[in-house]
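Structures are listed in the sections that come next.
In what comes next, chain A is part of two complexes: it sits with chain B in the first one and with chain C in the second one.
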Partner chain A sequence: MEAFSLLLHGFSVLLTWKTLALMMVGLVLGIFVGVLPGLGGPNGVAILLPLTFTMDPTSAIVMLSCIYWGALFGGAITSILFNIPGEAWSVATTFDGYPMAQQGRAAEALTAAFTSSFIGSFVAVLLITFLAPSIASFALRFGPPEFFAVYLLTFCSFVGLGREEKHKIVISMTFGLLLAGVGMDTVSGQLRMTFGWSELYRGINFLVAVIGLFGISEILLTMEERLALRGHTARISLGVVLKVWKELPRYWVTLLRSSAIGCWLGITPGGAIAASFMSYNLAKRFAKDKESFGKGRIEGVFAPETAAHASGTAALLPMLALGIPGSGTAAILLGGLLVWGLNPGPLLFVEHKSFVWGLIASMYLGNVVGFLLVLTTVPVFASILRVPFSAVAPMIVVSCAIGAYAIQNAMFDIWWMLLFGVVGYVFKKIGIPLAPFTLALVLGNRAEDAFRLSMIGSGGDLLVFWSNGLVGSIATLALVLLFWPLISSAIQRFRKKEG
Partner chain B sequence: MASTDTEIVVEDPNAPSDDSPPVTSVRAVDVVVSLLLLTLALVLAVDNWRTGMSWDFAGPQAGYFPFYLSVILGGACIYGLVGAYRSRAETAQAFVTRDQLRRVLQVFVPTLLFCVFMQWLGLYVASFLLVGGFMWRIGRIVVWKSLLTSALFSLIMFATFEIAFNVIMPKGPVEALFGY
Partner chain C sequence: MSKQLGAFGLFVGALGAVAMAANPAAAWEPSKPVEIVVAAGAGGASDQMARMMQSAIQKNNLMKQPAVVSLKGGASGGEALMYMKSSEGDPHKVLIAYSLIYMLPLSAKIPFNWRELSPVSVIALDQFILWSNTTLPHKNVKEFIAAAKAANPPFKMGGTGSKREDQVLTVFTEKKTGTKFAYLPYKSGGEAATQLVGNHTQANVNNPSENLEVWRAGQVRALCVFDKERMQYKAKVTDKQSWNDIPTCKEEGLDVQYLMLRAMFLPGKVTPDQTAFYVDLFKKLVQTTDYKEYLEKQALKPVFLTGKDMVKFLEEDDALNKNLMTEAGFVAN
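Our next item is the complex of A and B:
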């Protein structure tokens, strides 16, 4: 019940006109960003981050997280009406969403998408409300070895569970970790990897890199494609909404299963993309008439949208409780916490109660308000796509530049942004994933500090990572996940032999 | 039910054509990137070795952690290179076609110029030039519409960041005329 009273406190922090106004601004900007081609959740959050630099942390995180919710809702609009997934996690939504729109059932598909997104997020927020404080208070007992083991677990699970080529994940991650280490060493104060270049002394800013990697590179990639589009418009009437809601109880198993998949893959670095596909496939597998999937079946919209939102929201759980982001966007929000002078991790729940509970309360409120907003304003947002990309592209470039410059008021960062834009473009095209890079860049220093502090504590004995049951099991799990592809293929071979 | 409500149509007259010849293959770029990263890994390994990659009285030295990371990075690059060498026979997938490259440069070159001009003209004037110029030249939108849109955009950005949110951007002679 303590969580409940703290949540009420969170709502009291939130319910001021200023915060509510920022919430609305965030949601509108977010939906805008989600609908526009070439932009999405992480890019939107990264580009709009500088707006929050002069705000107090609570208002800032409320606005940023609302941009994120908005972007998640916005992605569904283009998937259903235009067959253009705004984000990789809305690809599965197009399978049945677009056929529905073609059959003149666009309003129904959109209502289904928004409603299931809402349900997915709601389940994940409930999980955060009741689980995050316990995890955080448990993690308060963590010392440097435990923290390093958890970081190791995060990195290893990326390598072991990622769908990309393994060596490319390793390249992406080590490259990110190396760049994170450039500049002053936080333990000894010594300069490293700067080659006497004064611009490198303060290191490479994580947010500048993210703006280049996600913002600029996305513009370059979008320009490559044919930007012609043809789509449907939809106006959602109350009748349609009620009709879809009436059908909801019939799909409770799908909704529940998809929420569970989403929450699980959100907390672990599986991510929203895997969650949406997995949940779509499972819904199809358990359905009696599998053939109706892909031809405009409403369940085919419910499943991926619920999972994607549950996952996107649940990714904030490890960020809040442990300081480890579960997704690219969560990593950027974590970068924001650092800018506002907060130290992400379990202490956040103790030292900044108002901030944490304000954020959690804003997840509830932001989702309700966002849900109502998208239901009523779909036609307006769908028409954003009429704006020619030749107007949108340079405006996004300018926004990226503003974002990159504002972080440290450094002209040099603009050049970093451009460089990372090219790096992101090339990496994406040759299949080097960007999420491990982002995560490594934001967590690099913290992971290294944890490692070195553990080593100092143990006098250089690596067995410190197996010195008690807790740290030992986390470290072992990390290694198991790292070598999971080898282990699972060995198990399969063994089974075949047995068979 | 037939689709009767197709209402939003956006054309893209100078879209890259599907049969445009490839400039280079994914495999070639993959190899070049691996070689570049391998070089970087070597340079960083040497630098970290110089910084100190062993142990002293206060635990691991500053170069310890990054040294081993550069070794892993180099190893992963070599693994990729060997893989690319072995898969020589596979059909090459295009990295970028000539048309696509033209479009990418259409946005990259103006962005580069924008960054250069920003140093002297300030962000807002440079953004006016970028947005207006891009819409007019690349988007082939009527001049007055392009200029009006870009002027409005720059003004809104100025009002939002400089005045409302107090985020200070680089400014040039034009802003100075107005006392900013």
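Our next item is the complex of A and C:
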């Protein structure tokens, strides 16, 4: 019941006109960002982050998290209408969403996507509300070895569970780790890889890298493909909405399963992308008529959207309680917390109650308001895609440049952004995934510091990573995930022999 | 009539000329927003100080132009130093400096020398305290040192950064007592505080402001302050103790002292009247109640030095820091 009274306190922090107005602004911007291909949630939050530097932390996080909710909702719109995933996690939504739109059932598909998104995030928020306090006290048990084990788990799960070819994931990750080492090394107090060049002293900002890698490279690709955007008109009427809602209870197993997958992969950093694919595949596996999937089945929209939104929401929990982001956007929000002078981690729940519970309350309110908002504004957002690409592209490039500059007020960062744009383009061309690179750039430094601090503390003994149950089980899980492809194929071979 | 008007016009013109001639010489004023450059990350002690200045300047109308805070915490603050160095002659940037101006050029070989900047004023001195976790049995310095000596593996001492004031204090505590600590350099004082609370380190040497919250929560114990005299603030901070109740390390038999300056600098090659404007600004600032409340809350030692006094202080402080760094073996070749 303590959680309940704290939550009420959170709502009281939230219910001011200013915060509510910021929430609306955030949601509209977020949906906008989600609709525009290439400009995903992480980019949207990254670009708009500096605008919040002068706000108080609660208002700032409410606005930024609403951009995030908005992007989660908005990502589905283009997937369904144009077969262009607005977000990486909406790729699975295109499988059945786009066929539905082609059959003239766009409105039905959109309603299904929004409703299931809402359900997914609601389950995740409930989880955060009732688990967060206990996770916070649990989090104090995290010293350098535990932190390193968690970073290791994240890296290993990317390699072990990633859909791409393993060696390409490792190449991408290594490249990120290398660049994360540029600048001041906290443990030795020495500068590394700066070549006496003072522009490199501060290291490479990962937000700048993200804007270039995702935003600019997507523009380059689209330019090359001369993508013609032709959309279907989408109108939402009350009748369609009610029809979809009537069908919902029939799919409760799918919804519940997808929410659970989403929450799990959100908390242990696996991400919304993996969650959406996994739950789509599971829904297909458990369905009686597997054939109807991919041909416009409503369940094929429910499953990935529920999981993506649940995972996106749950990803905020480890970020708040442990200071470890569960997703790209959460990583950028983490940067935001540090900028506003909050130390994400164990004591955040103790020291900044108003902030944390204000944020949790905003998850409830933001999702309800966002849900209503997307239902009403679909036709408006769909019209963006009727604007010719040649007009939209320069706007996106300019907003990326402003974002990159504003992060550290450094002109030099715009050059970095352009360079990373080219790097991202090349990576996409030769099929090297960008996510592991970004992950390594964000966590590389922290992982290295945690490892070296553990080594200083233990006198160089690697067994420190198995010195207690907590760190030992995380470290073991990390290794299991790293070798998962080998393990699972071994199990399959074993089963075949048995059979 | 026309003659009279003409004379009047001449008079006005003359007045104007006098005013125009007098203005630039007597009072230079910023013509655009002034950037307060912070050589540390968000939320750290320097950042908090900059935000306090920004609001105190605004609330008390000390300057016509607004002040903006600009965080340049990259390279452990080295970014800010290089930024100030490259802004020669720009009177719209003012740095909040601390001991990094002496230490960073020595330990990381950053090509910087504070003598290339224009000193404005020293505005406070920051203290260091030896803290331990309340769940540990030792209640005072003697018991703590005895336990540290006996400990195997050695006690872990948390601190901010490497080869900086926190590690210097650790090294000198080791030298004076013959103990050995495993020093863990964290990214910020906040992190060092959290890790102490979680029992991942046995002690740290945080500034008062960095451990204030966890001290109030009863999670850490203040063993002693690294200064010749006790802190002056007698109002209760925790339910039992005030800052003044913390003994000095010397009283407790650990003869180590270190104070860290908090000082304002303009870039090099600014004019004397530009410097004069800022000296006057900070003179007014330190008299505001906002500033006095801030000093007490952060338990800073009030000091105000400008001009020759300040340069003398800086030279002495520089020599002292250089000695400490050399003796601790932190000077890079």
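As a working rule, the second predicted complex is superposed on the first by the 486 of 499 C-alpha atoms of A that agree within 3 Å, B and C clash if a C-alpha of one lies under 4 Å from a C-alpha of the other, contacts with A are read in each partner's own complex, and residues count from 1 in each chain.
Quick note on the criterion: contacts are C-beta pairs under 8 Å (C-beta built on N, C-alpha and C of every residue); 3 or more make two chains touch, one makes a residue touch a chain.
Everything numeric here is computed off the predicted structure, so don't read it as measured data.
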Overlay on chain A: chain C relative to chain B, clash or fit: fit
Touched partner set for A:456, first chain B, second chain C, both or neither: both
Touched partner set for A:198, first chain B, second chain C, both or neither: second
Which superposed partner A:188 touches (first chain B, second chain C, both, neither): both
Partner contacting more residues of chain A (chain B vs chain C): B
Chain B versus chain C as contact partner of A:342, first or second or both or neither: second
First, second, both or neither for A:238, with chain B first and chain C second: neither
Three-chain overlay, vertex chain A: chain B-chain C angle, C-alpha, nearest 10 degrees: 80
Partner chain(s) touched by A:141 [first = chain B, second = chain C, both, neither]: second
Chain B versus chain C - smallest C-alpha distance in the overlay, whole Å: 6
Footprint overlap on chain A, where chain B in one structure and chain C in the other make contact: 185, 187-188, 190, 409, 456
Residues of chain A that touch chain B when the two form their complex: 50-51, 53-54, 81-82, 101-106, 165, 167-168, 170-171, 174-175, 177-178, 181, 185, 187-188, 190, 192-193, 195, 216, 219-220, 223-234, 382-383, 385-386, 388-391, 393-395, 397-398, 401-402, 405-406, 409, 411, 414-415, 418, 421-422, 425-427, 429-432, 448, 451-452, 455-456, 460
Residues on chain B engaged by chain A in the complex (per definition of touch): 1-12, 15-16, 26, 29-30, 33-34, 37, 44, 47-48, 51-52, 55, 58-66, 69-70, 72-73, 76-77, 79-80, 83, 95-96, 100, 103-104, 106-108, 110-112, 114-115, 118-119, 123, 127, 130-131, 134-135, 138-141, 149-150, 153, 157, 160-161, 165-170
Complex interface listing, chain C residues touching chain A: 41-43, 47-48, 70-76, 78-79, 82, 86, 107-110, 153, 156, 161-164, 182-188, 190-191, 194-195, 197-198, 200, 213-214, 217, 330, 332
Parts of chain A lying in touch with chain C, wherever the complex brings them together: 140-144, 183-191, 194, 198, 201-203, 338-343, 345-347, 350-351, 408-409, 449, 453, 456-459
